[in-house]
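Paired with chain B in one complex and with chain C in the other, chain A is shared by the two complexes that follow.
Coming up: the complex of A and B.
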């Protein structure tokens, strides 16, 4: 018989109480994992940012355009390898609820600056040759059953009218953090029609994206760009793509912070539940601890028994919670549209955090019972009536 | 026979609400090796306190307790725990078996603190349980045993490390007459056949008769000795 066996038998002494405690820890870990996964999914945009890309936008606001004429000047700035640009199109695909990003992009440079969108050479050829063509991410294509060669019609809101596009490619994301939900069509198609229908809105870019030779030079290049256009009709604000994306999600930061806090509060609550269970167990066994001490068991042995039992319960609860949490997150990932959370998964960091939190809960919950068991005099323990 | 337990000027007081309650008062006592000693007296006379002090599970306020040449009052907690595991076998009134462990596992408990290997422990446990007549009940849980059988398991647990002294606090106090007789027979056997030194606290004159010497305590002092 080993000490481990006594620990296990002790933990199973009140099966219902232990099961409910394990269930409580599992539920807490599930909630923790789901919340942390959502927070992590929110941050995917930041993680997906390329180190060598710089965003140039209107200094007043992202919604104001920048003249197309800036392109030549941007290309001439030292350290800039490529310049591409895009306009946010908006629009509605069949129903207002069918949300995914729709952007007009420069077909000549877009795929070079964004190599994470993978299409075949033939598809690229079609995108280059047909002004009405577009490429769509596979997540959106799968969601709306859109196939290569299909005509996709958008009802414009920022740019009124019906807009037809021919799907040249369903692009694949290079990796898990690449957005597979976007629709990108040719900027020249948008601009040509604007020149005819609303000439005053033509020849504008929503923002520019600069690909730089050396990411270390981003700060210097950004400053150079902003200084260059400081006294122009549209002053610019230039920053790394990572900083730009961070700014974009910062509007949700209060919600994210709240979710982060709540996820840890849940762990705190379950710590109290497990602590209560351990205190009750230790209290019931006050006489037994005195018996063990009488037999020669030391404070270290009792510490091992109580801590081990607490860690065993939290480990089982944590593992069950983690497995169920992974199933819940996977299920959510399938139900929630990719446009909301392109990558909803349980990350290694969150797995480690959940297990550490569960074990830490077990550790902290055992401190008081250990203190009591070790410091109660043997004779007082025998007099104890629980 | 040599003196195994020597108690000199032993005092023990408890404090309740800043009031000192004396329990043992300058008590002197000697117990020979192989002796069966019974401690009797009314409730509050200090007999259980004396037993606890001899067993090293309580500390004296003053005085000296020398057992087999070692002054146990001066030992640190950890040394005292090691000393207890090697030298004392404790038999309780309410058996105090661990309910989730079988008879075998309960008896094996003190051996987990030794360096004995599994098969050696098994040999010791089986021997102890056979001595107390429970060789066929090894894998029963305490719930599946009668009160007398539980006490016999507790005795097996007390003797499994082959200690110098067995201390018993009202070992028959919770048993019916027949079971009590069985337990007293067993203790007598341990004393006579296995030469175990036994110090037993009891209220029961019939139980005390089994001892070679009876000491009567009153208000923390030895008042009478019967041989």
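Coming up: the complex of A and C.
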């Protein structure tokens, strides 16, 4: 118990230095938490993928369409419960900077395959009845102050011209990870107009989404689909929604790697700050350690003394950093548009990582001073001049 | 003034603490420099794309080349403008370019979106910077491609001699081209007509690249487009300007995240420097008293400690810069959010980056050393001599 008391007293001897060190550690933990949260935010798309959805796209790349005629064939494949499809519309809403996903979807099946977009039965009825209607995610509706019943005009690029849509519903996301930024309108409206204006581009789907009865069959179904269309005009590439989203993330992997590396460099910096403090403290106390040794305290006691102090400081710094980091991330989540990071939050994994990192630094930072304190001869220790 | 030698010798006495502080500052300077180099690398790559007197005609609402469309009629009307420079054979220097994305598997196993650009016979006169570095040029009228040198390393399927399968045909990679690190180095080029017909796109291309007599004629050219109701949905931009805009989103993102992180980092390193300097002052109380007794003024003491701190951070800054500059040999590639295609770029260093990194490091040293130096200067001579 005495050792514990000395440990506390020791860490309080240089109040300024200890508080600066705690501040340094907590700042580094804040940075670590923010970086990790941004990296994790990237993965939200993968988590949001439903287990029972399969994406069928053109094998060349997603910018090429698949004929509408494939729909009937896809429906006949064993294990497929529902088939829906969508086209990426692109376009511009008021300013080019106003980015959110705009998709033409099949109104009959879309909401069944994507049950995470919540709208009321009345709103659904309106979406079914009015060919020009659309539904918009809560986050985007709030950002641009769009309300139910408003007319939203898009300037098309992939599909040239001005397009007017009536907002039938502002949908609510079912889960935290559900994308609440999309705008979905009716594919039959797009197709009808294309048939008039550029008939050769009509009757195409951007991609198909299959809802399957049993997620275990996804691999087999994907294989079947791709084999079936292998020698058709548009060969397909079929994969689970999860794998599809993963593919998008892997294309930004260089940046994610950089951020990951940086988040671990931060730990290196905490280690240096704390290590510096511990080395200095131990250095100043060289004579005291010799006194303790003379009184009969063993190396074990000294180790406990120094390690304990180091862990105490890192624990306090880590906790303060975590609390503040959580606030910073929450703040960022409110400031940054949902289209960039749909969900910015501190995950349990990252909390644990940060705490482990802080304690590990506490441990490593004490190794050198312990080694020195234990191995210094008593006589040399007494002669030591700071 | 207290001699500089005193400062340097003092640092040498506490080697470990000094080294730790220097490493701390250098890590921060390294990250700071690397982030700036990354953002600048992307900017530079895309700014160097294109030639100063070329312009690009795109659909006004299009956010990238792939979402721009120009139909055949509009192409022929635009090509009649007398502002366009004529080739040796008397044809207008225009390249009607379809741009498509294809998926290839990268070395690490991920999928990349690669841009395939179809070009016309005029492309060599329009883009004299294109050099074939391996293999040969592609022939018109057949399914052949040349690959930018930024790509073929990362995507083994696009290497010389390989056949790439898309749009119902095999495309043979016959050459590797270089544009000295511009954005074109991340593309595959082939005959525009071949690409249009195999993708069933009729004659609807994505963008047009045009050479004007002089860059000043851009405004006049835009007026020409505006006046014609068949053309007023298009706009012309200087080619380099167009590609520079494509880098904005990426370099903004990297800079914001990067600067935010380094600012937090620098906080940590500054605290590290403060701790070091406080202990330097505490350890040398008697020395400071002696110096004061010898007649050195408070100001000399203050500046001696500040110089010590600045010197530390300068060393750290230089070390960090040195580490970061080794990154300029690293080429990485990632998805460009704006064009939605793979872009290969190098970390690149500029004089401004060197200066800002050093200033940043010195700033950390100054802030970190300021309070401790003041404490040193304020010490009372008698108390200091007694080591209190």
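Brief remarks follow.
Here is the rule we go by: the second predicted complex is superposed on the first by the 382 of 386 C-alpha atoms of A that agree within 3 Å, B and C clash if a C-alpha of one lies under 4 Å from a C-alpha of the other, contacts with A are read in each partner's own complex, and residues count from 1 in each chain.
Basically, contacts are C-beta pairs under 8 Å (C-beta built on N, C-alpha and C of every residue); 3 or more make two chains touch, one makes a residue touch a chain.
Because the structure is predicted, anything quoted here is derived from the model rather than measured.
With the C-alpha superposition on chain A as described, chain C and chain B fit side by side in the combined arrangement.
Rounded in steps of 10, the angle chain B-chain A-chain C defined by Cα centres in the superposition reads 90°. In the superposition on chain A, A:378 contacts chain B only, with no contact to chain C. Contact with chain C, but none with chain B, is seen for A:91 once the two complexes are overlaid on the shared chain. Residue by residue along chain A, chain B and chain C are tallied for touches, and C comes out ahead. Of the two partner chains placed around the shared chain by superposition, chain B is the only one that A:296 touches, whereas chain C remains out of contact. Of the two partner chains placed by the overlay, only chain C lies in contact with A:259; chain B stays clear of it. In the superposition on chain A, A:243 contacts neither chain B nor chain C. In the superposed model, A:31 makes contact with chain C only, not with chain B. Of the two partner chains placed by superposition, only chain C is touched by A:160; chain B is not.
The overlay of the two complexes leaves chain B and chain C separated by a minimum Cα distance of 10 Å. Once the two complexes are overlaid on chain A, none of the chain A residues touched by chain B in the first is touched by chain C in the second.
Put simply, chain A touches chain B in their complex at residues 1-3, 5-6, 9-10, 12-13, 287-288, 290-299, 301, 377-379, 382. Taken in their complex, chain A has these residues touching chain C: 16-17, 20-21, 23-24, 27-28, 30-31, 34-35, 38, 59-64, 90-92, 96, 155-158, 160, 200, 233, 237, 247, 250-255, 258-259, 262, 265-266, 268-270, 272-273, 275-277, 279-280, 284, 368, 386. Those residues of chain C whose C-beta lies close enough to touch chain A in the complex are 16-17, 20-21, 23-24, 27-28, 30-31, 38, 59, 61-63, 66-69, 100-103, 108, 110-113, 166-168, 199, 202, 233, 254, 257, 260-261, 264-265, 267-269, 271-272, 274-276, 278-279, 283, 332-335, 342. Within the complex formed with chain A, the residues of chain B that make contact are 52, 55, 57-58, 77-78, 81-82, 84-86, 88, 90, 92, 96, 98-101, 104-105, 108-110, 112-113, 157.
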